[in-house]
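Next up is a structure, given as structure tokens.
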Amino acid sequence: MLEIRNLCAAYGGPDVLSSVTLEVKAGETVAVLGANTAGKTTLLRTISGLVARARGSVTFEGTELIGRPAHTIPALGLGHVPEGRHVFPRMTTLDNLKMGAFFHRGAGDIAQRIQRVFALFPRLEERQGQMAGSMSGGEQQMVSIGRALMGNPKLLLLDEPSHGLAPIVVDELHAAIGAINRQGVAVLLVEQNAVLALSVAHRGYVLEAGHVVLSGDAQALSADHGVRRAYLGV
Amino acid sequence: RAADDVLVGVIQPLSGPNAQFGIGAQRGTELAAEIINAAGGIQALGGAKIKLVAADVPTPNTAAAATQRLISQNGVSAVVGAFVSSTTLAASEVTERAQIPLVTFAFADQITGRGYAYVFQVSPKGTAFGAAQFDYATAIAKAAGEKIDKVAILYEDTAYGTAQAKGLREAAKAAGVEVVLDEAYPLGITDVSPLVNKLRASGAQIAFPVSYLNDSLLIIRALRQQNIDIPVIGGAAGYIIPDFKKGLGAYADGVLSVAAASGDMIPDLARTYKDKYGTFITHEAIIHAAALDAVAKAMEKAKSADPQKVRDALATLDYCGGLAAGVPGGCITFDKTGLNTSSFPIMVQWRGDAPVTVYPPKAATEKPVWRGKTVE
Amino acid sequence: MIQALVDGILLGGVYGVISTGLSLVFGVLGVVNFAHAEFLMLGMYVAWFAWRYLGLDPLLGSALSFVIVFAIGYLVQRTLVQRVLKAPPAAQVFLTVGLMIVIENAALMAFGSDYRSVSVPYQVEGYRLGDIFVGAPYLFAFVAAVVLAGALWLFLERSWSGRAIRAVAQDPMAATLVGVDTRRTYALAFGLGVALTAFGGAVILPYITVSPTVGGQFVVLMFTVVVLGGLGSVAGALAGGIMVGIVQSLSALVFPIQLQNLCLFVIFIAVLALRPQGLIKGA
Amino acid sequence: MQPLLQADAICVTFGGLKAVDGVSFSLNAGEIVGLIGPNGAGKTTLFNALVGLQPLTSGTVWLDGERVCGLKPHKVARLGMTKTFQNAALFPDMSVKENVTTAALLRHDLKGARAKADTVLRKLDLTPIADADVADLTFPQKALVEMARALATEPRVLLLDEVMAALTPAEMDEVMAVIRALKAEGLAFLVVEHHMRAIMALCDRLLAVNFGRLIADGTPAQVAAHPQVIEAYLGHGAAGKEAAHA
Amino acid sequence: MRNLFSPSRAALLLFFLAAALLPLALDPRGHLIRVAAMVLLFAAMAQSWNIVGGLANQISLGHAAFFGLGAYTSTLLFLKLGVTPWIGMGVGAVVAGGAAALLSIPTFRLKGHYFALATLAFAEVMRVIANSLGDVTGGPVGLSIPFMGSQPALFAFRSVASYYWIILGLLVAVCAVFHLLASGAIGYRLRAVRENEAAAEVAGVDTFRVKLTASVISAALTAVCGTVFAQFTFFFDPDSIFSLSGISVRMAMIAIVGGLGTLGGPLVGALFLIPLEEVANAVLSSQAAGLSQFAFGVILIGAILIQPRGLMAYWLRTPWAKTRRAAATGA
């Protein structure tokens, strides 16, 4: 579904990603692990067209994404939950969700989509009139994920969704990601919290300084000695 | 071999809020140069032609540098201009120190009040205009049988507005007339309702506004809206330019205003101007034409384009006619301070598309009309 | 007193609308547009020409002003402002100062320095209600302004484009991620902002003459209004406008009119000292 | 012995919202106390209130017997308490050393401050990057520079707001070692962190807040087992269990 | 010590050397020396502004208030009490510094655009006051410095060159003050305040005092420039001395076009903008009304589009400047 070949990317200085090759199959949850500045966020941003200087190839269901204007990418079926949530702070929860369906603005099923998100995150239904900026970090994370789901994505890119969240919220999120994936949405998950990531993912990649240094299925990675020391803290 | 051109600097605000007046003034000067050159240039200098060097001085801060440039880069023999008083004051500091004559229309009292030797003012001082605005209007009203004992003064708080208001105030005091409203307002005012509310409450019989165009239109329209029937006697500037008529249409008719000059006093120039530029000649154009004429006459008299000699000739100049005919009184004679003593303000009244001179009788081309009645 | 209050509100509503556009541009692009008042001038010229050559009343011509200035603004944003969006704010400010100089002098060259004014029948009419007196042009301008402000509010609140504008204002990156074309939206917002101001310019044409420098009369006033209301707050701009109108009008009762702006600015600084984010936060 | 830091019933409200609601606690020299609680519980707000960035609605804060509430942050810093920022708030146009020097100016002249900065940087192993622009730093480096800058004011109480968020476990261990070394010198710490592994390993005592109110205060084991803490914060899932294991 | 001979210093020295030698090449009463003096004066004004605008990043659009206070104080002291402008200059500086301190109280919490607009309003207030207190200030007509020939004790000279020397001295002094502030302890604190005020407070910086110090010094220097300007042009009125576009914006614009917060920025900016405007005026102002201003605006836009960080960015990018920067941080 998503195929990345020899992807290099930079922000103007040296390459942040060098020759990354990675794939996500339909229905899969794939985790990307890596230390800070390994380039995880850059990888997701490049997929979504936010990094101007990218070389190599990123195809999504056969469509080449490199060189496409960023705002046309969500319509292909990609949802991106950015690092740091990025909700629209002075819009209500409901309007934030509606914005998620922006490129389907003609669609008649927006109300149903909202209901689907509410079913997943009942808290959002309670807070639908609240300004998103005044919600707690965990709630904002739900808004951000809900907003991405509003576009009916086939692939969801999640960038450190558990960052700064209380343990109990991390657990809820964990469950939600599983539920989303079971509804048939493929997930590419970037996580610092390797325990969480590997417990929900089917497969994983380890990124170091812009290179893929390890990949394999989640169980195998969890068992890997290097991964355990560096990312699981054991 | 043709004689060398003589250079005269022209400084006017060609951009910025006073651009319209600056452009009008510059046109007057250009027309005067054409006329003088067509008549053979400066005879005493072998028919030398006058060549104008123009500089845009939108603000006083730019005036000093621009004037200095005309003097030292271009080597002008004299400088004409700057309609705006503050700009003229700034320029005069340079001309005085460089010992170059400056002939101006600007009428702040300070221009000739500093004992400067190189500055010459073609028309009367601002306070004189204020006094005339009051005296002429009350005289016309009196002739029409109306006794005036309460008046209102409204003026924008610029050098021009304050100077003229001062003249008005003093004239009213001298005549024993009560000033029931004496209000300054900021330049560029966008709403005159407080002003008109005060005017309505004041019980004034005549209103003397001293203002540029937009405020004058605002005031007259607001009076109309509220059905206030107080005669408005304009203080030159905005009241006597073509746009006043364009803005007010029929309501302009009959409006009186004080002025420094009027086209009907110098019909030839007025006609040439209208043919060339499409509108009637404004007083700043007439006076600046006369200013350049005075410079030319001084060069004739001095038989030289040397600034010092030109200044000495200007100081002793005493002639009538020529383009000086446009100045009320028709003559130019500067006193010790540099003020043209033979000139006086006039009062004009809108008739159709242009104002005509109605007062004082010695200069009038038509009779004034007061509240619809022709005053004999 | 009541008369002054009414005058202040009528005037302030119009201040509000011409400033709303400035606030919108700031809110969405984060750029303080010093050239904004020049678009007021352009709007006034469009309406004047529409009146002179098409015989359109400025209240109707305002629609034309809106459309034409919108197009100009859209282009200006795409070609100039877009390039400095990532530059330091100081550079943005001075780009717009340059733009202000250019537009003003381009107008001077194109239209000349004449003061142009329309004449329409209601210009010299007024209505009386007991002791209160209302000038027709002020009333009409106020009504037009309020209607437009309402339309703007509905547009921003209810339409997809309006929501997209708000989204881009609040988080351009996130907006891109949901499929909003930020560049287009920036241009749309800038165009809309200047068009609103141009509209305001057209509706005041019956009582304000237009010349190339008319923007200068309004620029400081517009900033005062916008800052009082809270930069970026469209509703705030309207409230700020009415407040400025009332302050101007009421201060004239107590102080000489000459000191009108002194009162206004002293109050302005005082309000900022107490509420550093303006009267109304965000919107 | 009187505690180094004492907070008495402090409240902070935003409009109608009680972000901190009558929190009282104390902190002794050489103690590391953890502060946990759900997102939006009021932890950062409490920190801001303690250092004077956020005015108190009511309550008192004593630092070594002196009232510090109502003082501006720089005065509080002078009296010996400062904090780090949840989202590293360094001075981006300055080098690492300049960042630290600025803080050291609180107690030294320029020359002395430069020397002080060198000392602090050495202590945190940051000397190799002293001349780097902070904008070019990695996240953990930034967190360390935040700490270095805070240390340069020579505090007695240091409030750390999620300095370990987004660190890998290996990186976390490094930071914890630094904190322990400073504790040995007598510094007192109040630490906000959502990583229970770090909190449990590092802290002598834990405070738990929810909706601005203190719900538990005790040893890490006691607090982690507190039903209200489990209910509101830890949950029964994997993340919570992590805490129990530690 | 090696800093003493760094390329940046060499360039600065070269600039002042050239400035010092320039009058030898020009007619001492001519136009070019006047333009050169204006370049230096505006550089000094922009440098004064740069202390607040550049070091503290408080973009003030109201420095004309202090400029005008300087001009009015010294001129009125001279006209009414006969105090020489040399002393009046100092008094003006104190008055302006006091006004800046007073203005700090309501504005110190303001950030960015709010601060800019509050200062703008302050300058407007000063203008309205000067305009309406006609008895004291001469009102809208403005004030003229009497023509007295050459009297150095009264700050009056015949040749423009004399003023040029004074202005050059002023510029050197302002640059020195800027440099001392920028490289001293207060420089660290100002930069900290500029970049993150809350973090600066927590790191022990008394942000109010730092900002106050900077704005008082900046205002006082601006006032000195105002006195010199008044003496140099002999005439000013409220509209021109408190002018938003003519003074406040221009001071800021020069510093920004040159390079905000850098020592060389105001010099480069003034050297670029003032002659440019002069040339545009000389060449175009007789062509069509508005054309010269139009051209000036176009070039300004061009300069900002091409280099939004100011012309100094080109210098900072050269290899010489880079070595200097590294050396400075290493020192």
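In this document, chain identifiers A, B, C, D and E correspond to the written order of the chains, with residue numbering beginning at 1 in each.
The rule is simple: a contact is a pair of C-beta atoms (placed from the backbone, for glycine too) under 8 Å apart; a residue touches a chain by one contact, two chains touch by 3 or more.
Remember, it's a predicted structure, so these values are computed and weren't measured experimentally.
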(message) On the document's contact criterion, could you list the chains that touch chain B and likewise touch chain D?
(response) E
(request) Treat each pair of touching chains as one step and give the shortest count from chain C to chain D. (result) 2
(message) I want to compare two interfaces, A-D and B-C. Which one has more contacting C-beta pairs?
(response) B-C
(request) Among all other chains, pick the one whose mean CA position is farthest from the mean CA position of chain A. (result) B
(message) Can you work out the whole-Å distance between the CA centroids of chain A and chain C?
(response) 42
(request) Could you put a whole-Å number on the gap between the CA centroids of chain C and chain E? (result) 32
(message) Based only on mean CA positions, could you tell me how far chain D sits from chain E in angstrom?
(response) 43
(message) With centres defined as the mean C-alpha position, give me the chain B-chain E separation in Å.
(response) 37
(message) Two or more other chains touching the same residue: where does that happen in chain D?
(response) none
(message) For chain E, give me the residues that contact two or more of the other chains.
(response) 128, 131-132, 289-290, 293
(request) Give the residues of chain B that touch two or more other chains, as numbers and ranges in rising order. (result) 15, 19, 22-23, 157, 184, 186
(message) Strictly by the criterion at the top, what is the full list of touching chain pairs?
(response) A-C, A-D, B-C, B-E, C-E, D-E
(message) So in the complex, the part of chain B that touches chain E is made up of which residues?
(response) 14-15, 19, 22-23, 53-56, 58-62, 64-66, 68-69, 71-73, 85-86, 89-90, 92-93, 96-98, 108-110, 114, 116, 157-159, 161-163, 184, 186
(message) Looking at the complex, which residues from chain D come into contact with chain E?
(response) 51-53, 72-74, 77-78, 82-83, 85, 89-95, 97-98, 101-103, 105-107, 109-110, 113, 131, 149-150, 152-153
(request) Please give the residue numbers of chain E that touch chain D in the complex, ascending. (result) 184-185, 188-189, 191-192, 194-196, 198-208, 326, 329-330
(request) Quick one: which bits of chain A touch chain D in the complex? Just the residue numbers, please. (result) 35-37, 135-139, 160, 163-172, 174-175, 192, 195-196, 199, 229-234
(request) Enumerate the contact residues on chain D facing chain A in the complex. (result) 36-40, 86, 138-140, 162, 165-173, 194, 196-197, 232-240, 242-243
